[in-house]
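Order as written gives the chain letters A, B and C; numbering starts at 1 within each chain.
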Amino acid sequence: MTANQLMIDVSGVEKAFTLHNQGGASFGVLDNASLQVQAGECVVLHGQSGAGKSTFLKALYANYSVDSGAIRLRDGEQMVDITSALPRRIIALRRQTLGYVSQFLRVIPRVSTLEVVMQPLLDLGVDAARCEAKAKDLLQRLNVPERLWSLAPGTFSGGEQQRVNIARGFIVDYPVLLLDEPTASLDATNRKVVVELIREAKARGAAIVGIFHDEDVREAVADRLVDIKAI
Amino acid sequence: MNNAVELLTSTSEWQDIAPLLSVRELNKFYAPGKGCGDINFDLYPGEVLGIVGESGSGKSTLLSCLSARLTPDSGQVLYNSEQFGEMDLYAGEESQRRVLMRSEWGIVHQHARDGLRMNVSAGANIGERLMAVGERHYGDIRAKAEEWLTAVEIDTGRIDDRPSQFSGGMQQRLQIARNLVTHPKLIFMDEPTGGLDVSVQAKLLDLLRNLVSRLGLSVIIVTHDLAVARLLAHRLIVMRRGAVVETGLTDQVLDDPQHPYTQLLVSSILQN
Amino acid sequence: MSAATAIGYNFAYLDEQSKRMIRRAILKGVAIPGYQVPFGGREMPLPHGWGTGGMQVTASVIGEADKLKVIDQGADDTTNAVSIRRFFAHTAGVETTELTAEATLIQTRHRIPERPLQADQILIYQVPIPEPLRFIEPRESETRKMHALSEYGAMQVKLYEDVARFGHIATSYDYPVMVNNRYMMDPSPIPKFDNPKMSMMPALQLFGAGFEKRIYAVPPFTQVESLDFDDHPFEVQSWEDACSICGSDHSFLDEVIIDDNGSKMFVCSDTDYCRERVTEGFVGEAPAQLETEQ
């Protein structure tokens, strides 16, 4: 990955929600949104609660569809417009290119913490021993107690779950990383760890779009602050 | 690792991969509104497609049509077979369809008794598929049966027990083992977790999830349970009264549903 | 019509119309070795289970010049064998015999004679359950499809279950066979000892199931293979003992209890064969002697 390579190219994105079962109420959230992010750059979105930050991030992950506009993401030599790509194309993109740390961990019954964290790397065909080593390293850095690693995270505290979620998001060196308030329920020590992880990702050339409530995290990682309303 | 991953991650040859199964203008109605119609989609190797919708929406009818068990009124199901090449299922010979069912395909029924022989041992249930494709060495058949019992977390000490002595969850896992022993490429599942206790469901789902990704299986799974769909499926088809109302990436359909019916379906389940 | 037949009956009891219909079924069976041909079964003046299927076949192929032998488990003198023999003597006026060598038609229940059959003979089996796949698949529509498409993997399940349970293929009667590499066939409840005799037999073999109204056939010189596993090959029964009467060490033996103490001896199940050997001068060792010698 070369620096200054365009990784994310959003242009003219519109997104409205229509609630068909609530009288068909419709309201726009994204209005002609555009954003470019280069390799190695971290853009932090800000705006009031409900302004559409998460919606924008979810659109970048193709978790939400958009009504118009283009969201082009770099996949090797290609720029792929995920607003029109086939589902399997998006799944492939998510496997190797596009990382996303959601606000909440989606737990799968019976699956241990270690497995939850390893899975994305395993899915890329990396051998299990290497996946496990990397997962353990991340969990250690994020201060998830070792006694929890073999347990399913369903019963963990919010902060523990979030750290598992972060470890899972950072297990693959994704070229594009989307972070939705990963530090929201973390203490200062762990916030610092996340800051380190983000800096390391930037250093290897990842393009990052994040939402952070904490002033200190934002200061530490943001190359640019972008108001969601101005996008 | 497995084929699916390679297929899904190779960026250069992206356009060149042929669909495994293609459905064209498929219709099957028992009566107006009862059945399924105007169905079109492609399934690519390694994909897990979920068919969701409320009871009676035509999911099982569609699955039966796709898996060569129910002749549609019209339309085509095209399948890219290892043995027979590109084939139009219902235009071809029944013998070929039945060969597919016991070799390249697996069919996991909602009720284990529909997919198992209840009066022969677990080992024979698994072994039958092998014998059906010509395996004639008892020792090998038995060894493979044991291997697959282990894979589905059934104690090999139960190999000579009949499925009627098994719990519902075990029966379902046995059914899966019986299907997977011939290394099928494509599995059809109809409500595989239906009728099981929640804790048993979780174990089965976990098992399915692992097998599907480890073996790089292509799967079409019918379920009315959106949590099951979210866990297993890459992509969803939402059906209502026999028609497809929405399709797309699983999490997109569930998190940002567009059609009024899908919104209703999603909002009526409890969020976790 | 023969003068010797009983008044009021057509030759061999069945009317000519029925015979023609059964002969058509037989011809079809011969043309498609091992394939079960449905036919419109007729009532015979014997209850089902007494070999009415075999009797209908016999009635349809028997001619005045035929010599009929009837055996039941190898013996000519059981009630069943005797009454069937009498029936045809009465209704067709044909000669009957107990000698395998002399007979042109042999109706049998549960055995094939030890003496090899010849090209000018016909062996007619009484069949209780003609469908070999029934035990694993009760649906007739499905078994028909399985035959049509040669889907016989399920049949192997029966043998698998044997080996799993007993360590070897324990099925010893009614042992499934593959005819002419095409149709899976139930050989009727003959001992598997007799299975090899079916293969490449010079005589025509006809099978009649009266209750289920099915006829099937193995034409002369047709390959008949018994199912097995590579690591558990087909084997016939064998005995440590020889026949106490004729000393045969190569025929199918029946165990006979000879006194109240439960003493037993082994004798040929094929009574004609045993008698023939005795006529030829063979002798067995009486069981009492056998015991004192040991």
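Heads up, the rule we're going with is that a residue touches a chain if its C-beta (ideal position, glycine included) is under 8 Å from a C-beta of that chain, and two chains touch if they have at least 3 such contacts.
The chain lineup, named per UniProt: A = Methylphosphonate degradation complex subunit PhnL; B = Putative phosphonate transport system ATP-binding protein; C = Alpha-D-ribose 1-methylphosphonate 5-phosphate C-P lyase.
Small disclaimer: the values here were computed from a predicted structure and weren't measured.
Undergrad: Draw the chains as dots and join the ones that touch; what shape do you get: line, ring, star, complete or other?
TA: Graph shape here is a line: each chain touches the next, no loop.
Undergrad: Farthest chain from subunit A, comparing Cα centres?
TA: C
Undergrad: Report the most central chain, judged by the distance from each chain's C-alpha mean to the global C-alpha mean.
TA: B
Undergrad: What's the distance between the Cα centroids of subunit B and subunit C, rounded to whole Å?
TA: One centre to the other, that is 47 Å.
Undergrad: Please compute the C-alpha centroid of subunit A, do the same for subunit B, then give the distance between them in whole Å.
TA: So the centre of subunit A lies 31 Å away from the centre of subunit B.
Undergrad: Rounded to a whole Å, what is the gap between the Cα centroids of subunit A and subunit C?
TA: Computed from C-alpha means, the inter-chain centre distance equals 77 Å.
Undergrad: Where in subunit B do residues touch at least two different other chains?
TA: Expected reply: no residues.
Undergrad: What are the residue numbers in subunit C that touch two or more other chains?
TA: If we look for residues of subunit C contacting two or more partner chains, we find none.
Undergrad: Which residues, counting only subunit B, touch subunit C once they are in their complex?
TA: 94-95, 98, 102, 117, 120-121, 123-124, 127-134, 136-139, 141-142, 159-160
Undergrad: Quick check: in the complex, which residue numbers of subunit C touch subunit B?
TA: Result: residues 136, 145, 148-149, 151, 153-154, 156-157, 159-161, 163-165, 228-232 of subunit C touch subunit B.
Undergrad: Can you list the subunit B residues touching subunit A in their complex?
TA: Per the touch definition, subunit B meets subunit A at residues 1-2, 5-6, 8-9, 11, 14, 44, 46-47, 202-203, 205-206, 209, 213, 231, 234-235, 248-249, 251-252, 255-256, 258-260, 263-264, 267, 272.
Undergrad: Can you check the complex and tell me which residues of subunit A touch subunit B?
TA: Touching subunit B from subunit A are residues 18-21, 58, 62-65, 75-76, 78, 87-92, 95-96, 106-111, 123-125.
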